[in-house]
Each structure stands twice: as structure tokens, then as C-alpha cells.
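Some structures are shown below for you to check.
There are two complexes below, and they share chain A, which is joined by chain B in the first and by chain C in the second.
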Partner chain A sequence: MSDHLPIFVFVSPFLAAICMPLIGLNNPGRCRPVALTALGTMFLLSVATLWRILGHGEIRYAFSGWAPPAGIEWVADEIAAIMVVVLSALAFLCLLHTGRETDTELGSRTVPYHAILLTLVSGLTGIVFAGDLFNIFVFLEIAALSGYALVGVSGGRALVSAFRYLIMGSLGASFYLLGVSYFYMATGTLNMADLAQRIPDLLHSKAVIGGLSFMFIGLGIKMALMPLHGWLPDAYTEAPDSVSPLLASLVTKIATLAWIRILYRVLAAGSSDTSLEIIGLLWVVGSLAAVAGSLLALTQQDLKRRFAYGGLAHIGLVLVGVGQGNQTGLAGGLFYLINDAVMQCLLFILVGVIARRYGARTLDDLGRIQLPPPWIITGFVVAAISMIGLPPTGGFFGKWYIVLSAIEKENYVAVAAVLVTTLLTMAYFMQVLERMLRGGQTGPSAQKIETPLQLRLSTGVLSAAIIGLGLWSDRVVQVLLQATSQLGL
Partner chain B sequence: MFELVQGWLQRPNFIAFVILFLWGLYITVTHHNLLKKLIGLYLVQTSVIFFLVTTGAKDGATVPILIPGETVVQPETYVNPLPHVLTLTAIVVQVATLGVSLALVAGIYKKYGSLDEDEVLKRLE
Partner chain C sequence: MIESRHDSVIVRHLGGGLIPLVQIFALYILFFGQHGPGGGFVGGVMMGTSFILGILVFGPTDRSTVVAKRVAEADGVGLIIFAAVGGLCLIGGGQFLNYAELEIPGLAAPSRRYLGILLTQIGVAVDIAVTAVSIVFSLSVVSGNGDSHV
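Showing the complex of A and B:
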């Protein structure tokens, strides 16, 4: 029974998504509790999966009993299980924090909104578990299509951003599919484990190199790697406030995870007998993205846009870690990926709340408002500390391992890039914090801003998670190191 | 050089794919009309699907259904069915993308009264 856990993790949001139009037919108000229940169930199931995997090793789930490589296979290893726990928890909190406001805000779109949100979550789950290159493509597109619809759900300007996101995203998917077909032509298989056995002999074949490049471009668009990030700032800025935390924390991160899996599971990059140039490329691209992303963030006035550019820099940092090609770097990169998902979620929730309650969307607006309530301030400071990378938060330890791996490799350019990014991050957060904390003196007073219980719960849990990930970083990194040690590093 | 060109000419499907793909990419990037952008995108997606299908083709091979009376399966007599199956899924994805994108374009047209990108961006200001 417990071998079937991964599929149940996927089915619980997916089934709810399909049934959503029926559930909300007469009473759209019912959608929210059902969606929350589905995501809560998913969270519990994913915790059970993680428990099972930590105890008994990875689960390989062959659909309908057809053994791979003929059948489709899902691989639930430690990394995937941890990611799904994070994913389901963040999705739950993102939906929870808005309270019933989304329902009134969206009006007649309540039912599709909840259905598409759950489809997005199930698509992302599929990418995490997929053990097959084509399966990744299908789930990438399920997640991406839900993403386009969610960005455009509030209409108006958001439609234009969603359209741009769609054009870029679909081009990315086409490039990825092209890469997959190259791989298929070269090897005759699409199963990752099967490919991993055949690829090493073919690493110098032009088809494999070409396919790899196309896949990298495709997934690079999906993960908004620096020169391919055009869609991201607009999409995050124009998306409804309840959607942007979910997009910012999950969509690009999961695409990055897919790329990491392809690199290490299929190509066995970084192991001694295969010298892969693409690994060397990865940290260069990552460093550029990290520095350029935080520089651009410094110039932005709009808060959401500023943090969206900041998010680009964090994807870069993950790639710096992963690109070192050693175990510390890979574990550190993955740990930073998890942390970044939690931090972005908290940050975008708070930015959304400030925008909704105070109407403050830009830096200058922030200077005019009164001092926000302690819940918001505390959450914001915790997120800022973690983003900058100060102990005892998770962000610090993530950066720590990334720097450590770069030093191990004697790659001082990468170390410098991480440090410069840290300083720039500090600069753009200080601008925001300074205005936010000084605002109280000039703003119109006596306007009581209430923080509903759901909001306190979400921000409280997320802040605690950021600090908890820092305090227990040893344990998490140990698990990740153990998981990555099987990859032949 | 001669061998290279000869190699290309032996694979007309690859040439067709490259032309369609680049054509679609060019249309998507350069045209200002949102619908034309979509047509370009559709061309890109279709070209990849076309490429995938043609890789399964073989000279003189038949559909992958077992010939009656035949006991030993000879793979060289059949077209490779897997690319077709993958293509089927890819087409479904493509149709869904088209549906979402047309809905978005319709929404933009209703709101801003234009399909021209520059015009829409001007009205956004």
C-alpha cells in the first residue's frame, strides 16, 4: 500500500481540480474549503511519503504495472519527497492567507480559479516525480498552462502579461520537446534510468549535445534564467496578489529542479569519467544571473517587480551551487532551492497584503503609509534576513554551502559573485525596510489595519519555517547529501 | 562539404523541419499582430511534432499491427509507433495551449479594442 503513496499525493489535488466545477455549480463558496482540504490531504500524504522514503528508500512506481522502460515510471527519491512536502505546504498556505477575500475579488471566476490552482499544484507534483523525459514535458505544460490562466485571471493588464508569458513559455516547451526528440533519436528511450545507462557512450554525439542544448534553452525559459527571463517580472507584477506568491515560490524552482534531475540523473554530470562542459557553463550563467538580477532589483520602484528581479538572482545562486559539480554544491544548491521557495512565498504574501490593505505598490508609497502591524513587520524582517543571508535563517546556510563548495573547487569567481549578490540584496532590502519602518511618523494615523487569523497563521508558519530550516539545516543537508551521494559525485 | 550537403539532401524531412521552425520563430518574434504571433507559435510547435513523427518513419514499413499468421515479430517491417504516441500527447498539449491563448487574445481584444501589440501597449499606459 505504501508503495502507492506518490500517486495518491498527485491524485488528491488533481481529483479535486476535476470535480471543482461540479462542487461550485450551485454554491461557489464551497470551492475554497474543498480546495483547502485537498491541499491539506496532499500535505499529509506527502509527509507520509517522505517518512516512508527516509525509512525504506526510494519508491519506483510503474504505472498500471508496466515495467519501465516500456511503461511510464515515477521516481520518488528523497529530493522529490522533500520538494513535494514544501510544495504542498506552500500551496496550502498561499490559498489560506487570503481568506474569503479572493472569492469576492474574483466574483464569477471563483470556481475556475480554484480548479486551475489545484491543476497547477498537481502539474508541479508531476514534474517532481516524473522519471521520464516526456512525462516532464507533459507536466511542465500542465503547470505552465495553469500558470498562464492564473496570471490572467483578474483580466485587464494581466491579460497582456499572461499572453507574453504564454508565448515565451510555449516556445520554451517547444525547445524542450525538440531536445527530448533528439535524445530519443540518439538512444531510443526516454526513461531517465534507462537513458543514464546509454548516454555515457554517446556524450560526444552531436545529437545528444544538440538535444541537451535545446533542453537547456527550453528549461532556461521556464526557470527564467537571466537572459531568458523576459516574461517573469510582468507576469509576477500583474498576477493577482493571491497568485503571485505561488508563482514566485514554486513554478521557476520546480523547473530548476527538473533541470538538476536531468543533469545528474541522466547525464551523471560531475562524476569523474564524464567531463561535461555544460557544468562549467552553469555556474557562469548562474553568477551572471545572480549579480545582474540583484542589480536590476535595485533599480525597480514597484515592490513586486523589485522582488521578482530578486528572485531571478536566487535562481542564479542555486545554479552556482549546482554548477560546481561536487556533492556539497549540489546539496547546497538544492537546500537553497527549498529555502528560496519558502522565502519567496512569505515575501510575496506580505507584499500582496501591503498592496491590498494600504494600496502601497511602490517604494514611494511605502514611505507614506503608517507602520504596518507587528505580524507583517516581523514576517518581512525574517524574510529579508533570510534573503540577505544572515544566520540563523535557512538562507544563510544555503549560501554557506554554496560558497563552501565553490571554495572546495577553488572557484573564487563564483565566491565573489555570491558575495556581491549578498551585498546587493542587502542594499535593495535596506531601501525597502528603511521606508517601511520610518513610514509611521508621517502617515495618516488611527486607520486600524486588522490582520485576520489566516494571515497570521500563514506568515507565522512561514517565518517559523525559515528559521527552522536554518536551525535544523544540518539534518536537511545530511539527507540531501545522502541522496546526492548515490549520484556518483 | 559535399558529403555534408549530400547528408542533408538524404533527409528532406529535417530540411522541412528547420524551415518551418525558423519561419514560425521569425513570425512570432517580428509580427506585431497578436493573432499572427500565435500562428507563428503554432507553426513552431507543429514543426517539432512533424520532426518527431518523421523520425519514426521507415522505407517500406507498415503500420505497427501484428500481421496475421506471423509468429516472430520483425521490427524492421513496422514503423516505430512510439513517436506517434508521443506526438498524440504533444498535439493535445498544443491544442490546449491554443485554446488558452485564443481566450487571452479574445480578452485583450474585448478590453483594449485592438489586436496590434503596439496599440495595446499604448492603451495600457
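Showing the complex of A and C:
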């Protein structure tokens, strides 16, 4: 039975999503508990999947019983299982932290909101597990379509951002699909394992090179890689406060994971006999994105926008690690990806709370409000320490492995890029912290604003997770190293 | 905006005769999909079209289009059928959607596959029809402040 775990992980949010219109038909208030239950179940199942995979190796799941090259296959390896655990936990906490406020804010949109949120989560799960290129496209679209709807769910200005996101996202998906069709034309198969056997002989074919370029551009838009990031800052800034943590922490990260998977699983980018320049390109693009993203973040007044640009820089850092083409870099990049998801989630939850409860959306507003309660300050400081990359948080160890891999490769430009990014990140966080802490002394002594239990729970768990990922970083990295060792590095 | 029934008595009478025929043909296409061209998607589109035709001819408030309205509320039913077939296959010990293991007692493997594909097609058809109808409702039959059909 444990071989079927990946499908159960997928079905629990998906089933809840498709039942949502019926559940909320008479009483929309029922949607929230059902959605939370589904995500909680999904978390437990994904932990079970991870346990099973760590004990018995990866699960290859052939749908309908058709053998892989002809049928559809899901591959649940260690990386996928860890990612799904992170995904389900973050989705649960994102939904939990807002409390019942979303229901009253959204009004008649409550039912579709919960249905679409769960569809987004199941789409992302599908991308993580998918074992062939076309299914990555299908789930990419499911997740993206839900993303557009979620950005625009509050109406008004958000609709413009959602429309922009829709145009850019559809362009990205089309580019990706075009790339997939080129691959199919050259090889006659879409299954990743099957492709991996046929691609090495075809790497000089123009169809494969063209397809690869299209895929990279398409997924580059999806992962908001500088300079293809145009849609992201607006979408994150205008999205409702309950949605932007989910988008910021998961959507771009999962697209990045899909690209890493294609590079290493299909193209065998790590092995020395394939002279693939794209790996070299990756760290250059990543370094540029990291430095430029942090610089742009420094100039932003709006808090959400500032951290959205910060997120762009962190995607760049992941690619710097992955682009070194050695095992340390790949494991470090993946570890940083996981950390970044948790950090962004906490950061956007806190920014959303500060905006909603204190009305502070920009840097100047921060100086005017009263000192937020210790829960928020502590969470913010933990997130800041991790984003900057100081021990004992996960962010430090992620950067550590990325820098190590660059030194291993004697790639000092990449080392410099990571260090400059660190300094810039410190600069833009110091500005925020300085305003936030100084504001408390001069601000008006307004009425005490209480922090609800579920908010304390989410920020507490996420802060603990950031520190925990740091303290137990060697274990997680060991698992990732073991997982990446099969990729021929 | 569709507000009331069609003005012309000819359209109304012809529509009344045509819609059931379209629906029967849609069902035929759906079940014939097992043996030849056709199947859930096409059958579902035709079924949806017949409902849309009903709304255009008799107006969204007519008693005969009540079904179409209720249908639009049951967005996920087709997918639920689909997931249920997949789940029955899991219970039978096979992979998700492995029809050979469809857990329905008293059936041999070939008829299980037949039934499995048919049920999945019905699920697809319901979903397509509902989607078509709900697109029409959300684009043209806007009621109140436009908030109800988001």
C-alpha cells in the first residue's frame, strides 16, 4: 500500500478542492475547516511518503498500470518527498494564520477561494512528482491558472496585476510547451527516464538545443528569473495578504525545482562527457539576478515589493549553487531552495499582518506605528537573520554550501556575487528593522492590538523551522547529497 | 446579457423539439465512444450546448432551464466521478485508474476495463457540460452586482 502514497498525497487536496462547491453550497463557513483538514492530511501523508522513501528508496508510480514509456509515470524521490513535505506544511500554515478574517473579507468569494487554493497546492504537488515533461506542463498550468485567480481574488487594482501575471505566465507556459514539442520531435518520447537515455546522442541536434532554449525561457518566466520577472513584484504586492505568502514561498520555487530536475535528470547536465554550456550560463544569470534583485529591493518603499525583489535575488542564489555543476552546489542549492520557501513564507505572513493590523504598507509607515508585539518582532528578526545568512539559521548553511561549491570550482566571481548579495540583503533588512524598532518609541500609544492564537502558532512554527533547518542542516544536506549522488556528479 | 425568453414563437417551438434530440445524440456519442469516434469530451460539449440552447431560447428564469442552473452549482461532480473510479481501482489493489482492478464484484477483467473507461468518460462528459454552462452563466447571465458568479 505504501507504494501508492504519492497519489494519496495528491488526491487529498485535490478531492477537497473539487468537493468544495458542494461543501460550501449552503454554508460557506464549512470551507475553511475542510480545507485545513485536507492540507493537514496531506502533510501527514507526505511525511509518511518521505519516511517510506528514506527507508526503501524512490517510488515510481505508473498510472493505470501502463508501463512508463507509454504510460504516465510519477517519480517520488527524496528531493520530491522533502519538497512536498515543505509544500504541504507551508500551505497549511498560510491558510491557518489568517483565521476567519479571510471569510469575512472575501464574502461570496469564500468558496471559490478555498477551492482554488487547494487546486494550486495540488497543481504544485503534481509538478514535483511528474515523471514526464508534458505532465510538468499540465500541472504548471493548473498551478498557474489558480495563481492568476488567487492574485485577482480581491478585485480592484489586483485585477490589473492578475491580468499581467496571466499574460506573462501564459507566455512562459507556451514557451515551455514549444520546447517540449521540440524534444518530442527529436526523440519521440516525453518520459524523463526515457529521454535521459536518448538525449545524450542528440545534444548537437538543433531541435534539442532550440527546445532547451525555449524550455529555459518558459520556466525562467515561471521562476521569475531576472530579467523575466516583470509580473512578479506587482502580483505579490497586490495579492491578498493570505495569498502572497503562499505565492512567494512556493510557486517560483517549484518552477525552479522543475528546471533543476530537467537539467539533471533529463540532460544529465552533471556528467562530464556532455559538454553543456547551459550550466555555465546558469550561474552567470543567477549571479546577476542575485545582485540586481537585492539592489532593486534596496530602492523599494513598499514592504511587500521590497521583499518580492529580495525573493528574486534568492532564486538567483539557488541557481548560483546549481550552476556550479558539482554535488555540493546542487545539494546546497536545493537546501537553499527549501530554506528560502520557509523564510519567504514567514516574511510575507508578517508583512501581511503588519499591513492588515497596523496599516503599515511602506517603509515610512513603519516609523509611525507603535512597536508590534514580540511575536511579530521575533519572527521578523529570525526571518531577517536567515535571509541575510547568519548562523544558526538555515539560510546561513544554504549560502555556506553554495559558496563552498563555488570555491571548489575556483569560481571566485560567483563567491563575490553571493557575498555582495549578502551585504545588500543586510542593508535592506537593516533599514526595515531600524524603522520598525525606532517607531515603537515615537509612535502614538494606540490601543493594544492582540495577536490571535493561529497567527502566533504559524509564526512560531515557521521561526522554529528556520532555526531547526539550521541546527539539523547536516542531516538534510546528507539526504540531499545522497539523492544527488545518483545524478552522475 | 440574456434576460428573457426568445421573441419568436418559431424559435421556441423548434427549440423545444430540437433540444431533446441534441441531448439524445449527445448520449449516443458518449456511449458510442467505446466503439468508435466520440467519447466523453465530445458528448459533454454537446450536452452542454443543449443546455445553453435552452437558456438562449427559453431564458434563464424559465422552469425548463432550472436544471441547467442547478448543474452550474455542481462544478466538481464530474471530477468526483473520475476520482471515485480511480479510488475504486486503488481499493482493488491496482494503481490509480488501473481499470483491471476496478473493485466492483461479479465482473471479469475485460468488463471491468469497459466499465471503468465508460464511467471515466461519463465523469469527463459531466465536467465538460458543467463547465460550458457555467461559462455561459458567468459571461452573459449576470445577476445583481456581478458578485455571485465569480
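Just so we're on the same page, the second predicted complex is superposed on the first by the 488 of 489 C-alpha atoms of A that agree within 3 Å, B and C clash if a C-alpha of one lies under 4 Å from a C-alpha of the other, contacts with A are read in each partner's own complex, and residues count from 1 in each chain.
The criterion applied here is as follows: a contact is a pair of C-beta atoms (placed from the backbone, for glycine too) under 8 Å apart; a residue touches a chain by one contact, two chains touch by 3 or more.
Quantities reported herein were computed from a predicted structural model and do not represent experimental measurements.
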Q) With the two structures laid over each other on chain A, which partner does A:L423 touch: chain B (first), chain C (second), both, or neither? A) neither
Q: Figure out whether A:V138 sits in contact with chain B (first) or chain C (second), or with both, or with neither.
A: first
Q) Between chain B (first) and chain C (second), which, if any, makes contact with A:Y148: first, second, both or neither? A) first
Q: With the two complexes superposed on chain A, say which partner A:F14 touches: chain B (first), chain C (second), both, or neither.
A: second
Q: Figure out whether A:S181 sits in contact with chain B (first) or chain C (second), or with both, or with neither.
A: first
Q: Could you say whether A:L25 touches chain B, chain C, both of them, or neither, answering first, second, both or neither?
A: second
Q | First (chain B), second (chain C), both or neither touched by A:A162 | A | first
Q | Interface residues, chain A side, partner chain B - complex | A | 134, 137-138, 141, 145, 148-149, 152, 155-157, 159-160, 162-163, 166-167, 170-171, 173-174, 177-178, 181, 184-185, 190
Q: Under the touch definition given earlier, write down the residues of chain C that touch chain A in their complex.
A: 73-77, 79-80, 83, 86-87, 90, 94-101, 147-148, 150
Q) Which bits of chain B are touching chain A when the two form their complex? A) 21, 25, 28, 34, 37, 41, 44-45, 48, 51-52, 55, 82-83, 86, 89-90, 93, 96-97, 100-101, 104-105, 107-108, 111, 120-121, 124
Q) Which of the residues in chain A come into contact with chain C in the complex? A) 4, 7, 11, 14-15, 17-22, 25, 61-65, 107-109, 112, 115
